[in-house]
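In order of appearance the chains are A, B, C, D and E, and numbering begins at 1 in each one.
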Amino acid sequence: MDQAEFLFQILLPVLMDGLAVTLKLIVLTAPFGLVLGILVAVGRVYGSKNISLICKGAVAFIKGTPLLLMLFILYFGLPSVGITLSAFMASLVGFVMCNGAYNSEYIRGAISSIKEGQIIAAQALGMTRMQAVRHIILPQALIRAIPGLSNEFIYLIKYSSLAYMLTVIELTGAGKMVATKYFEYTEVFVIVGAIYLLLVTITTIAVMLIERKVAVPGMTQSGRNMLDIL
Amino acid sequence: MDNTETILRVENIHKSFGDLEVLKGVSFEVTKGETICFIGPSGTGKSTLLRCINLLTQPDQGTVWLGDKEVTNSGKNINHFRQKIGMVFQNFFLFDHLTAVRNVEVALIKVKGMNPKEAREKALYELRQVGMEEWAEHYPAELSGGQAQRVSIARALAMDPDVILFDEPTSALDPELTREVLEVMKKLAHAGMTMLVVTHEMGFACNVANRIMFMEHGEIKEQGSPDELMSETKFERCKNFIGQFNDISGD
Amino acid sequence: MDFSAVITEWFPYLIGGIFATLGLVGSALLLGVLFGLPMAVAQVYGKRPIRFLVGIFVWFFRGLPVLVLLFLFYFGIFPGLGMDVPAFFVGATVLGLRGAAYQSQIFRGAIQSVSEGQMIAARSVGMTKLQSIQNVILPQAVRVALPGWSNEYPNILTDSSICYAIGVMELMTRTSQIVSQTYITMPIYLLCAGIFILLNYAGMRVLHQIEKKIEIPGFGTGAA
Amino acid sequence: TSSEETPAPAQGDVPETTIFIVGIDGEYPPYSYIDSEGNPQGFDVESVRWIAENQGFEVKIQPMAWDGIIPALVNGKIDMVYSGLTITDERKEKVNFSIPYWVVNQSVAVQEDSGYTLDDFKNGTLVIGAQRGTTGQMWVEKNLIETGLMSKDNLKTYDNFPLVAEDLKNGRLDAAIYDKPPMLDAIAGKPIVIVGEINTGEEYGVAIRKGDVDLLNSMNEGITTLMADPYWEELKIKYEMAE
Amino acid sequence: MDNTETILRVENIHKSFGDLEVLKGVSFEVTKGETICFIGPSGTGKSTLLRCINLLTQPDQGTVWLGDKEVTNSGKNINHFRQKIGMVFQNFFLFDHLTAVRNVEVALIKVKGMNPKEAREKALYELRQVGMEEWAEHYPAELSGGQAQRVSIARALAMDPDVILFDEPTSALDPELTREVLEVMKKLAHAGMTMLVVTHEMGFACNVANRIMFMEHGEIKEQGSPDELMSETKFERCKNFIGQFNDISGD
């Protein structure tokens, strides 16, 4: 069997199946992670004392537990209390929790960087606190949080590979299967690495375009430095 | 003033921050169409007083009435009163992520529930009133200070308020820009808007105000018409304070 | 074998894993700062070619999975340079350089958040650009960056377990080894989670102390 | 670290004993694992130590994750992999294998009260769990999936066998396949029973870098000697691997 | 002025930002001990001019001389000249992470290489000069605007500059705080410091300046002593500009 045959007939088809699973994981995780991040951040900054404390504790717990262990707990641990999630669901829940917790930190930072005057002015117009948060604070915070959120999205691309530990055969897992069978570790991981690099590059370019689209004069320095991507 | 209906009544407002008593029982009444200027040294509680009126700061004691309704203790209803009491800030506090026209219309849509088309029309109308219609699509960072302040006045006007509170609307501006903004305010005053203005612009105060209130140490120490301020002995402490501005050139 | 007996027997071995983990994480964090900070400065104030090079570095190290980077350095780069270095060293280097890529972006954001006036004022009293950066910009930027920087700690902690691929046995690996022999799964994984949470908590406490110590009135360190 | 990289001893000097580095999986009892002192142990580990003494070289045992172990071998970071490694044709293209030293039989386990039989298993009607990279996994792929008897989604692969056992207990799996001796350990005390064995006829061998012919020869010689030695039986008894 | 030595010479400075020509050939000389005030509308290039003098902005054309040495084209040496040309900014630009005294001493230590003990003494001395010695250990965020500006003046003074450039030093301050800062500047002027001041404070300009320069559209349009400004016809355009400040009260 020559290299080309191995590459095109064996490796790539398997990797493409894996990639599909990886993309499914990412595409499903990201929106929920964002929403969770927003809710937790708002809960922490504007929620009542109890809500704020709960959010803070949950974030500390999630940030403190390595994701792999979190996945093990969700998948292997929960059945003992009667909750049996499929491997895909368990991965998804784990990723959303993790992604949400980190996102909330970036959004929280962005919220606190917004001048107090913005919320005061909104309230002076008769907006309720929550209206002010929704229509005035969050839009600004989200724009500022984009760099952090995109960092987290890139992390998500990479840590989605941990789903493999729960029997979900995504990109990395697919690669590993082929590698163990044929002992072609180097080739396999170079290609898997290249695919991840491609995903990350696409993401960074997409983020750049988004930043440029939502850029508000004087509010961010977004898009200033294309070089930080390439 | 052909209308003597009392539109705003402030009674015995007290406010402390920690140990610091900032307002020590302030009371006054405002007639519809009146323009009142507050002057006085820094840290005297002028801004705090304005904020107590629409409960952006919660007073420790005292009541505020708008027409025949109590503003203090209005609970959830406060958002209704805040629409009726416009406010313009020293640093404009425009919403940084919205264009001028969106700044004006956002509360119309989200608070008043107006439909977007109507809101846009009204917003443009108000921008025209302050001479900013051409700048409707610009973001706050693209406006000069005077322009930003005029947009913020349009934003307050759009809610059709009964009273507008101005907290040092020109003190972040240089003389030329100050002039732009004072012109707009003068126009408003002449058009019969009820206004409470904290300012250091004695020229404006003397020329436009119906009444001037001199505040010091959390109390209204002296008050009267501009003419009284200029002529009578009543405004002794106040004249002393104003005197300082000229000191430096009279050395 | 019951759980407590297992733990008594294996505890010293786990402790060894904690040290390996801390060693990896510690040196990676240190390397990350040592390289990340100058890279951030270069990316903001540097000339075009330098910015470009830093950009490539960041793209590369953020884009590739840790496992691939480990292979690349362990089997490719270090042997290629004729250096025969221990796996631990390779692990720390890779985690450190990868950390530098991420941290440079955290620091860059912080540097850019220091208002322009600070640089102008520093230059106006006769400081050179480098002096201004050293004495005025960085002391402020570091304070701004600290909360975001603290995210790096759990991130590296998580990645450190991948170093087993080149033979470094840290906490997570040792946990799996124990599981594979004792066939007690959840309790041991939970114990491991507990240790990680403790480590993370301890790290956060230290950072928090530092934040408190360098806190300056009116200067937002955004302490959590 | 590799023998090849140490400079050849100068002429006339007494050559020092060469040290070979042996890569093992630290999570594959009873063949290779780490004891609570942190020392490598196991059937394979003791075997290679005996062979080294017999053949007049020294060994250093290096535990590694599977992901890195073959690249390490190919790149000369280690000199052999002696750790319950199955000999296959695909793998032979990349590395040399010693003569087989062990024939592996797979056992199939199901939940105690499930009523599943070995035939159910062989018909491809069950959801099967296996440890990644083991003979069990390969057997299922070859005989059930590639023959179209079973959908490939019904084979779940795990990082280690305790997790397979855990999921069999949790009910996500109908059956599990694994080498018999460790299977016995893994299911002890759990509501899981062995319903049969499969003679896969697959064999374990030592993987050695292509071109490293001297080492291959001395390992082959060593293995032959060991298997003829009484120590071989002692080892089998010690690790409960006697048939 | 008993000393007529020219200390600063600015010749034909041009500066454009993109298409916008901000300075169109500005020239003037400053005698040792002189105080010059620049006035003029916003956007006229006053700040840009000051920055061109110590090369914080690089002029496109023209030369600046300090004493008999050329500042423009000084290359690396510019940092030496910047020590000799102090600068005070509208927004103070104090180093936010340093206490008042550390703000003053940091350049002494890092730039002049003074030993820390001496530097501390000198810093405290300069703080005393501006009445801020008691606040030495406070951080910028803990100071009022007037106090912060005084510290920033002390920071400039500490370098023993030949000239100090002030860019609207009081325009971010309210009237009372303005007074504090102007007092300090007046003291400096009387003590013989050479100062270039961009300001809107006509009182200060008339009272303290030796010369007033009126700038418009990137050029010095009119200049002369305060007396000339008050009396002669020369300052026509300038008076027109100043007039605007009073307009509003003379309606």
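We adopt the following convention: a residue touches a chain if its C-beta (ideal position, glycine included) is under 8 Å from a C-beta of that chain, and two chains touch if they have at least 3 such contacts.
These numbers come from a predicted model, not from an experiment.
S.K.: Which chains, if any, touch chain A and chain D both?
M.R.: For chain A paired with chain D, the chains in contact with each are C, in label order.
S.K.: Sort the chain pairs by how many C-beta pairs are in contact and tell me the top one.
M.R.: Ranked by C-beta contact count, first place goes to A-C.
S.K.: Starting from the mean Cα coordinates of chain C and chain D, work out the distance between those two points in Å.
M.R.: 36
S.K.: Cα centroid separation between chain A and chain E, in whole Å?
M.R.: Result: the chain centres lie 51 Å from each other.
S.K.: Measure off the straight-line distance from the CA centroid of chain D to the CA centroid of chain E, and report it in whole Å.
M.R.: 81
S.K.: Which integer distance in Å separates the CA centroid of chain A from that of chain C?
M.R.: Whole-Å distance between the two chain centres: 19.
S.K.: Residues of chain C that contact two or more other chains, please.
M.R.: 67, 71, 75, 185-186
S.K.: Please output the residue numbers of chain A that touch at least 2 other chains, ranges allowed.
M.R.: 76, 80, 185-186, in rising order.
S.K.: Residues touching two or more other chains, restricted to chain B: which are they?
M.R.: Residues: none.
S.K.: Give the pairs of chains that touch; include all such pairs.
M.R.: Once each pair is checked, the touching ones are A-B, A-C, A-D, B-E, C-D, C-E.
S.K.: Which residues of chain A touch chain D in their complex?
M.R.: 1, 76, 79-80, 84, 87, 165, 167, 169, 176-177, 179-186
S.K.: Please name which positions on chain D make contact with chain C in the complex.
M.R.: Within the complex, chain D touches chain C at residues 1, 5, 26-29, 33-34, 36-38, 62-65, 67-68, 71-72, 75-77, 159-163, 165-166, 185-186, 188.
S.K.: In the complex, go through chain E and note every residue touching chain B.
M.R.: Where chain E meets chain B, its residues are 41-42, 144, 168, 171-172, 174-177, 179, 182-183, 186, 200-204, 206-207, 244-251.
S.K.: List the residues on chain D that touch chain A in their complex, please.
M.R.: Those in contact with chain A are residues 66-68, 70-71, 74, 88, 90-91, 93-95, 132-133, 138, 156-159, 163, 166-167, 170-172.
S.K.: In the complex of these two chains, what residues of chain A are touching chain C?
M.R.: These residues of chain A touch chain C: 56, 60-61, 63-70, 72-73, 76-77, 80, 102, 105-106, 109, 112-113, 147-148, 151, 154-155, 158-159, 161, 172, 185-186, 189-190, 192-193, 196-197, 200-201, 204, 221, 225, 227-230.
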